[in-house]
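Got a structure here, written out as structure tokens. Questions coming.
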């Protein structure tokens, strides 16, 4: 019942990424079971669920970050604009540029703020001149809501910023390569409430320009920022629906127990 | 529920005693640590004082004032001959040793030339080169004293030499100058004429060969093993082998060098290239181990970040991992290089113990290195070599300090840049 | 229903339910007492009902405060959220029910002892049903029982029928006896108040149904609309 009831909740936006019957194994251990889900274009999709439910694992299959784990094996089909991202025709480096990622712990490169943002465009050859690059850096930092705070100290180290600023820098860095999808793996778990609110506001502003998938432990955050919410439990997708429905009237007992704090 | 425990009395005598014991243990540990530090600092101080007191005089030279009346001497030179391109040739034909000997006899009696070093005429030559007008008048030129006079002047000599020194001092004929020759000349038989430059240059060439070979190979190996190679039985085997290699006694590397580089590859004996190759074999495992640890210490979040913006694996390594690991790799490299610099045994095996009186011109020329030079001099019979040995040790230590200084500088530079 | 991992949350909800049960109980009792006072023409009891309404108002304020606290501190979700919001709305409605009881009690002194209107004898029966509906709705809330809530909604029709019948009788009576028109109007208002109590109980039941199921109750057949009928 769980897996059939959960594919796509009358999704209105065009589908950006689609997963069909995805299974992920770490060695002999199965981390994801038969997950099928559609990620809408220009929408924020939140993955929630208890620790170890596979939501982060699943997120990392969407830009093939699991490839770096030797024992990981992915079955099933995941498409980006209809292209199978696990096919041999798909270049994984390009895929990761198109599907950007923001991590749990802010991880700016230990370089200048400018370099942090310029790095992605540089390796992909997106800027033809120094002036081009300046524009890209400014635009990306503006979109990340960080420009006003750092414009006078672009040469300072990115690691000298506060945690929240670092995370926005990381988002700016992801934006700089003009991704189509941005994956966020618990982007606020290391931040204080004010910094968290700023990131959430940023996600809200970015919505509509990118398809955003966010994994979060904080249900309130999922409720605040997302249009669609998927609840994962023990490697399966239990329920996927419009966020307001999930949080006011979940269909599945397990979802309800989790979001009302009766889990475990 | 079990019954409640009684409240702890934190100020009971037992507690107080426990606190006192804890404080005593802390104090004891601190004192022992302090003692260990003092002891090791004492050893180091002892070493430095011994070396400096014995060796610093090695950088000094005792000169004897030698008056020469050039117009009256049998020198066959005109000032004009010293101005042309043939000056060296003219000086070589001028029979300066004879002039010097005659001058010494004239001033210091029949055996006057024995007070002077064999190379005294060189000082006369250099003085003439500097100021050809000397040829037209009589002049007093300071020339190096013989080894026994030198020793007696600096410290204790034989009774006879001490008497001579007393006599010369009375005349005001003795003076001490900085022995520049020690830094610019090579091995020799007369302790007043030997220099460290040949060995130093040999060491520099050997180190250059070692560094050029072991650093890139070691770093590449470390990166490949850490970032690319999967974990299987083969990589485990390689890891164990490399760790064992780092612990192999150096003499065995010397034997290997002898068998492979000299006998099989027919490379020249006692050349810097062979020494460098041998030491590279020895240094590489150290660099690999240090490199792997440094690469391992780079936080995975940086790799994720780079992969996340679409960097290829090689870009991740060269743009992010390697620069971040560099300080650690450099530290390991310097430790390895310092060990190689002080290494003697394997170099003896490949013939770098020969008497080399000219500095090597290239990596294939016969050369010796500082520690071997020290070893050779310490074996010499002549007492004049004792202070030269100490002086050579000081040069070696300064060299090591300089290397470490450069390493620290590079490390800090990398760390602040990142 | 499994317990919350955070036990204090369960305690809060339990306290809230107890307060609402108490408030509901007081409202039921107020209706009861008002009707008893009416049938016995007991002005003293009527006075006590009017006085008792203050306690209901205070309970309402207390519960509202508690609900705001729970929302702020516990961030309830899903059925918890629906229940808390329902509680907030229910106390408002129960307070209105208390007001109707007070209104009935206030009219008791205005109806003469001699009065022996036939509809007067109908009022206790009507009041009984209205009271049962209130009790049923609050019981359903306490038990998150959607079936019970549906039952309450069904009962509304009986109250409406009573009211329609009393309305017709009183209109006829007033036309025949214009002298008692003031007293009759009071009786009519009492009937109207009881009918409103029934409506409010139905509202509560609807909220309970939504809180329990997350869906709105099925559209049910309504009784004939009095005023439309008159127009037609």
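Letters A, B and C mark the chains in the order given here, with residues in each chain numbered from 1 onward.
The rule is short, and it goes like this: a residue touches a chain if its C-beta (ideal position, glycine included) is under 8 Å from a C-beta of that chain, and two chains touch if they have at least 3 such contacts.
Worth saying up front: this structure is predicted, and the values here are computed from it rather than measured.
Chain centre most remote from that of chain A: B (centre = mean of CA atoms).
Centrality by Cα centroid goes to chain A. Mean C-alpha position of chain A lies 51 Å from that of chain C. For this pair, chain A with chain B, the centres built from the Cα atoms lie 57 Å apart. Note: centroid distance chain B to chain C, computed from Cα atoms, is 102 Å. Across the interface of their complex, chain C is touched by residues 219-220, 223, 247-250, 255-257, 259-264 of chain A. Those residues of chain B that touch chain A in the shared complex are 230-231, 299, 301-312, 315, 319-320, 324, 418. Within the complex, the chain A residues that touch chain B are 63, 65, 68, 70, 93-97, 100-103, 105, 107-111, 119-120, 123-124, 170, 173-174, 176-177. Within the complex formed with chain A, the chain C residues making contact are 2-6, 9, 75-82, 214-215.
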